[in-house]
Each structure stands twice: as structure tokens, then as C-alpha cells.
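Read through the structure below, which is laid out as C-alpha cells, and then see the notes.
Order of writing sets the labels: A, B and C. Residues in every chain begin at 1.
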Amino acid sequence: MVELFIKNLNAGYGAVTVLNDVTIDVPNGQTVALLGTNGNGKSTLMRCISGLIKPTAGSIELHEDDGTVIDLTAATPQEIVEAGVAQVPEGRRLFPDLTVEENLTLGAYRKAARATLATNLDYAFTLFPRLAERKTQLAGSMSGGEQQMLAVGRALMSDPRLLLVDEPSVGLAPILVSQMITKIGELGESRGLTILMAEQNFNQAIRIADKGYIIVHGEIAFASKDAADLRENDMVKTYYLGA
Amino acid sequence: MAIFIDLLLNALVIGVLLGGFYAALSIGLSITFGLLDVVNIAHPTMLVLGAFIAFLLNSTWGIDPVLAGIISTPFFFVLGWLIYQVYYNVFEKSGAESLRGLAFFFGLLFIIEVGLIIQFGVDHRLVEAPYIGQSWNIVIGEEIDVAIPFRLLVAFVVAAIATLAIHAYLTKTFFGRAVRAVAQDMMALRLMGVDPIRVKRIAFAMGVATAGIGGALMIIVLPIEPSLGRLYLGNVFAIVVLGGLGSISGTLLAAVIIGIAESIVATFFGPSWAPAVSFGILLAVLAFRPEGLFGKTAGAH
Amino acid sequence: MEIVYEQNYNPKTADFTPILRAANAKKPDAIYIASYPNGSAGLVRALAEVGTDAKAVGGGMVGLQFAGLMAGLGPMLNGIANYDFFVPEPTMNLYPGASALIDRYQSKVKAENLKVDALGYYLVPWAYANLDILGQAVEAVGSLDQVAIGKYIRDNEFTSVVGKIKFGKNGEWERPRTLVVQYQGITNNDLQQFATPGTRKILLPADISTGDIQSFNSLRK
């Protein structure tokens, strides 16, 4: 039971500022879409949340039910994973020379997840039966769709409360994109996961999102009130078509 | 005919044992170079340092060389830890490891070698143990008997145990799997909650730690002197590449293949051809399997 | 004399038992070995592990004269006949000053913990004589003129710690002084036994010999 609050976040690489005053709220149990075309800062924000990039201003916090606040702003990537945040990175970033099963097992490196390794492995194989068939195969030798399944499965192995999914549709055939997005939507419902999904495929993303943000040049250009607002607001269409 | 069978059997047995010995020399490099992409060309010289420590413990207190190797292994772990710390902070962190890192290990090689010369002189050193110079004769038939030199048998058994233990550690534990993944994608590993620098530091220290026990086996098998490491530099790299980068079991099997090939060639064709045959095997294998005998190459990295 | 087996080995050879087995298969009467220290030690160990029926083994094995290797190999050396330059046998006392020189060398090595050969028989007397002869020649000639010094050394006989030295026409010693010794009676790895007479009997030159050659296996065990 966790809610992600990002307030007035600035971040970048060296002297280049990418994110400018970004404020986002991902409520517990919801799937929130972070929409925007390439190069607008979606992945930078994802990396900030996972601690791979340190923000220059602003804050990133996890709020728990009981009022506990976990400040992730200056936390290490390890501490952030331990806090229950997992990411499916852009480009999947699998370990190509390890087997499917070894990739999944590495996902359970977090101490809290080691005890439930077997259960989580079963869950990943049930979610994606394809991975069960290929569990002894090297990850790098699989098709793009299978690799994306593995990337999602691997992130789930750490038993996360908050799942970050960065561009799950990249490099996939349209039919697979639709299946993958549906799968992520189901995940949110069946596991009660809180999900922040960065996506440039607006039409697919808004199918499963409870609400959404549009990010343009590192700034939040639009924040929807709810799912209906995201699907129907003309602003979304303008940004999507305009981009 | 009996003589031929006698020679063949002995060549095979010696080859397998010699292979175990070569594996002990190569296994540390298989971790540091094969898995971590750190070109530790000082590794054979660290083995010689391990051999001199075994010599010192053996000649001063009469400690069995294998036990001496086990005793010095933690020392090498700490040494490896410190070396990686310097290597990481000075070279790897800034992405300058490819050429300057190589120069760093080249320098380390000579510092260790010169240090050994200053401390021990250039004399050849041996250790004493009841099993050195003895062999186990197995009579198989008329004019056919297999002699197993104990010094090679001890080296083989210890090397095989160490290799299998390292292999099990790397495939069956969470940390071991992280070691095998670290050269493939450090960022992804961070997202799994792993600190890749810590993984590399510990794994590098493990690789260097093998110089303790490996060096002890070295001085059990042959006399050592400070510059001996450079002589074996080519061989250990050849074995690691032949076995396949990143494959610990591949290193063991490649070492046994080289051992058998050298022993057969030395017996039937003349010992001076033996090294040519090892490198010939390496070239032939790389021509058809660039990833080595047991290497995995699903990804492009 | 028929040569039944002749092979070169590589300095990287880690184990010599296959080589010795291949040689033994040709049933040689004698095995002549020309080796550097690593090979010498490797072959001595292989001889201990595999054995041989050859009656004489050895020859030009560099390294077996070193204190470190002699102590390390110990009884495995028994029976091997090998070249040497100086050993502590009674007949070597012909040379005035040699024993005193060795004594001085050994006590200096010990006192100052020098990282050099602990015994010094092999090279020290001849190295000393080398410089001694050069010094005598420089003094006699009275200058550093190389041609004159060379002529003086060729034309005269010298007395040094290794006795009287005269050079022949080809520049070698007029009377050969290289020893052939046979290792025997070595019972353990104690270095000091090599500092006493008897472990390396001189077979040649005949005029200073202290023993006759014995078959290789008769001196083993």
C-alpha cells in the first residue's frame, strides 16, 4: 500500500537540465501513464525514481498507509529496490548470456524477495507460460516479445509494491504491443500493484491507465484528473497528434 | 604394442592431471578476465608470489604446501580487494581502463616480480612434502603399468575441488549469479538492487585469492623463481579463451584438453612441439567457435 | 654409439614424466641431459617418479649445483652424474686459498643475509679467479691497454684460488678443469650435507678424482 509523490523535480546529465519542475502523484493501486514522445525526459524521470540519476532539486517520496514516508530523493538504487520499487527499463536490459531462469532469479536479489523465490518464479511462469517453455534458453537468443515478457517477469520477482515500466512497446510488433499493455493492466488489478508506465504509444497506454501525465521538453504539460479525462480531453489528442 | 599402450595410457593419465594443474593456474583469470573483463595480466606473477609464500611457510615451519596455500588464500583475497579498489578509482570509474588499466597490471606484474627478487633472490625454490618425488604405480598388464606422480595428483585433486566449488558458487548463489551478470549490464544489475561495484570488487578479490592455493600447487609441481609468471602468461590466457570467456567449467575442460594434448605430443612426437600444439588447438577452435569451446554468446557486448 | 632418442623440450614444460617415459621406451644405456634449471629439476623429479633402467644419467644439467635446488631435490639427486666446477672434496684442497675464500663467502652470506647462493662452490672460486687473473695482468702490464693485457694473459701462467691456470691456443684452459661429479649418499634435504665431502664424488679429471662411476640405480634407495 504505497503512493508515489514526486514534487518539483529537476534533474539532468552534467550541465544539461532534462527535467524541469516535474510534479507527479501515483496513487496506491493505480496505473498511471507518463506520456510523451522520444526525448522529452520520460526515461530520465524513471531513472531518477530508481536512483540511477540524482535529482538537482525537488523530492521523491513513498507514502505508506500508516503515514510512514520513505524519502527516495537521495537513496541508493539498492535502497530503492529494498523499499519495494522495481523497474522494467527501456530497451529491456536483460542479461543476454544468462538463461531465462537465471535472469528471473537475479530479479529476486532483494533480501525480502529471496524467501518467496519459488512462489514468484511460479507466478512469472503462469503469467508468461512462454518463459516456462524457454527457461533454460539464453535470454539474448529470444525474440523481442519474449524478451519484454522476461523483463517484466524479472521486475516482478523482487515482489515490488511500485512497478515502473519504461516504454514496454518499443521494438514490438503492433499485436504484441497490445498484448503486453493488456498484460500490464491486468497486473495492476490482479496484484494490486501501483504502476507508473512511460509510453509513447498514447492509444495503447490510455486503455489501461487510471490517469495520466503528458511530459513535453521535461515539463509536465498536462495532468489528467482521471481515466475519463485522459481518454476524452482534447489536450491529449493535440499533444499526441502534434508530436 | 604393449609399449605403445603403456605410453598412451600414461600420457592420458598425466595429461588429465596436468590439465588439473593448468586449471588451478587459470581459474582466477577466468573470473577476473573471463567474467569481469578486467585484464589482470599480473595474475601469473601473483601465483608466483603465492608459491613463494608457500615456500616461506614450508621452509620456515615445515608447513605442508597445500595447507600453506589455504593459509595464504585470505591474504590474497585482501590483496585483490585493495588492487580492485585502486583500479576502480583510478581507471574504471573514469572509463580509462582499457589501455591504462592494462599498463597498471603490467606495472603490478613487475613490482611483484622485483619485490620477490629483492626478498628471495633469483634462485630456484622447491618445497618439501612426503608426496613429492613419489608415485603410485598401477600394474595393468605385462609391460603395462601406469605411474601417477603424487605431486600431480595432489595438484589435480585440489584444483578440481577448487574449480567445482567456484563453479557451484557462481551458479547456485544469488551473489554468484550477480558476478556472472555484472559485465553484461551494470545498470540492469543496479535495478535488481545489486551494487555492481561491490560485486566486481568481491569477485576480483576471489579471483586473486586463487593465487594463494594455485601458487602452492605451482611450487609442488615445479621449481619456481620470480620471473616464472611471465613464462606461463600466454598459456593461462590461452586456456581461459579456449574454454570460453565467462565459463568456469569451460576453463577446467580446456585445461584438461591442453594437458592431454601436450602430454600426448611430448610422448609421441617430441616435447618441443607441445606448446605449438596447445596454441594450434586454440587457433583452430577460435576459427570455428569464436566464443571458445564452452562460451555463451547470445548477446552482443 | 647409437642415439636412440633425441628431443628438445620447451622451457614452459611443467611435467617431464612423458618425456622420460618416451626415452625409457627406447631402452637406452645412458641418458645425456642438457638442461636449464627448471628442466633439470623437472627431470630429476621425473626420474624419481618414473625411474629408468639406464646405467648412467646426467651430463650438462644446469641448476643442480645451486644450493636451493640441491637442498630441495635432496635424495632424488643420488646416482646422477653431472658437470660441476668446484666441490668440497679433499682433492680440491690442491688449490691454495679456495677453502678460505669459500669460508669467507659463506660467513658473509650468512651474516648479511644476502639473497645469493648459500654455499657458493659452483661459481664463486672461478669468478674470483677471473678477476684475480685480470688484476694480476693489469698490474704486470702497468696500463689498461687491452691488447697488451690480452697478450699477457695468453702468454703467462697464473696462480689463483683455483691453482695454476694457463690458457691454450684456442682460449680455453690448457688443462681442462671442468669436473664430472656423481651425487651419492644424500639422505635428506639438509643443505649442510653438501658442504661436506662425499655427496659429490669427483669422477673426472682423473688426477683429482675421489671415486669411480657407479651405475645409476645402484646409488638409488
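As a convention for this text, a contact is a pair of C-beta atoms (placed from the backbone, for glycine too) under 8 Å apart; a residue touches a chain by one contact, two chains touch by 3 or more.
Here the structure is a predicted model, which means the values were calculated and not measured.
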Pairwise touch network: line, ring, star, complete, or other: line
By count of C-beta pairs in contact, the leading pair of chains: B-C
Centre-most chain [mean C-alpha coordinates]: B
Chain A-chain B separation of Cα centroids, rounded to whole Å: 43
Centroid distance [mean C-alpha coordinates] between chain C and chain B, Å: 35
Length of the line joining the C-alpha centres of chain A and chain C, rounded to whole Å: 77
Shared interface positions of chain A, touching two or more other chains: none
Of chain B, residues touching chain C in the complex: 3, 6-7, 10-11, 14, 17-18, 21-22, 117-128, 132-135, 147, 149, 151-152, 221-223, 225, 228, 231-232, 235, 263-264, 266-268, 270-272, 274-275
In the complex with chain A, residue positions of chain B that touch it: 174, 177-178, 180-181, 184-185, 187-195, 246, 296-301
Contact footprint of chain B on chain C as seen in their complex: 7-15, 17-19, 21-22, 25, 37-38, 41-42, 45-46, 48-50, 63, 66-69, 71-74, 76, 114-117, 189
In the complex with chain B, residue positions of chain A that touch it: 50-52, 76-78, 80-82, 86-87, 89, 93-98, 102, 105-110, 114, 138-141, 154-155, 158
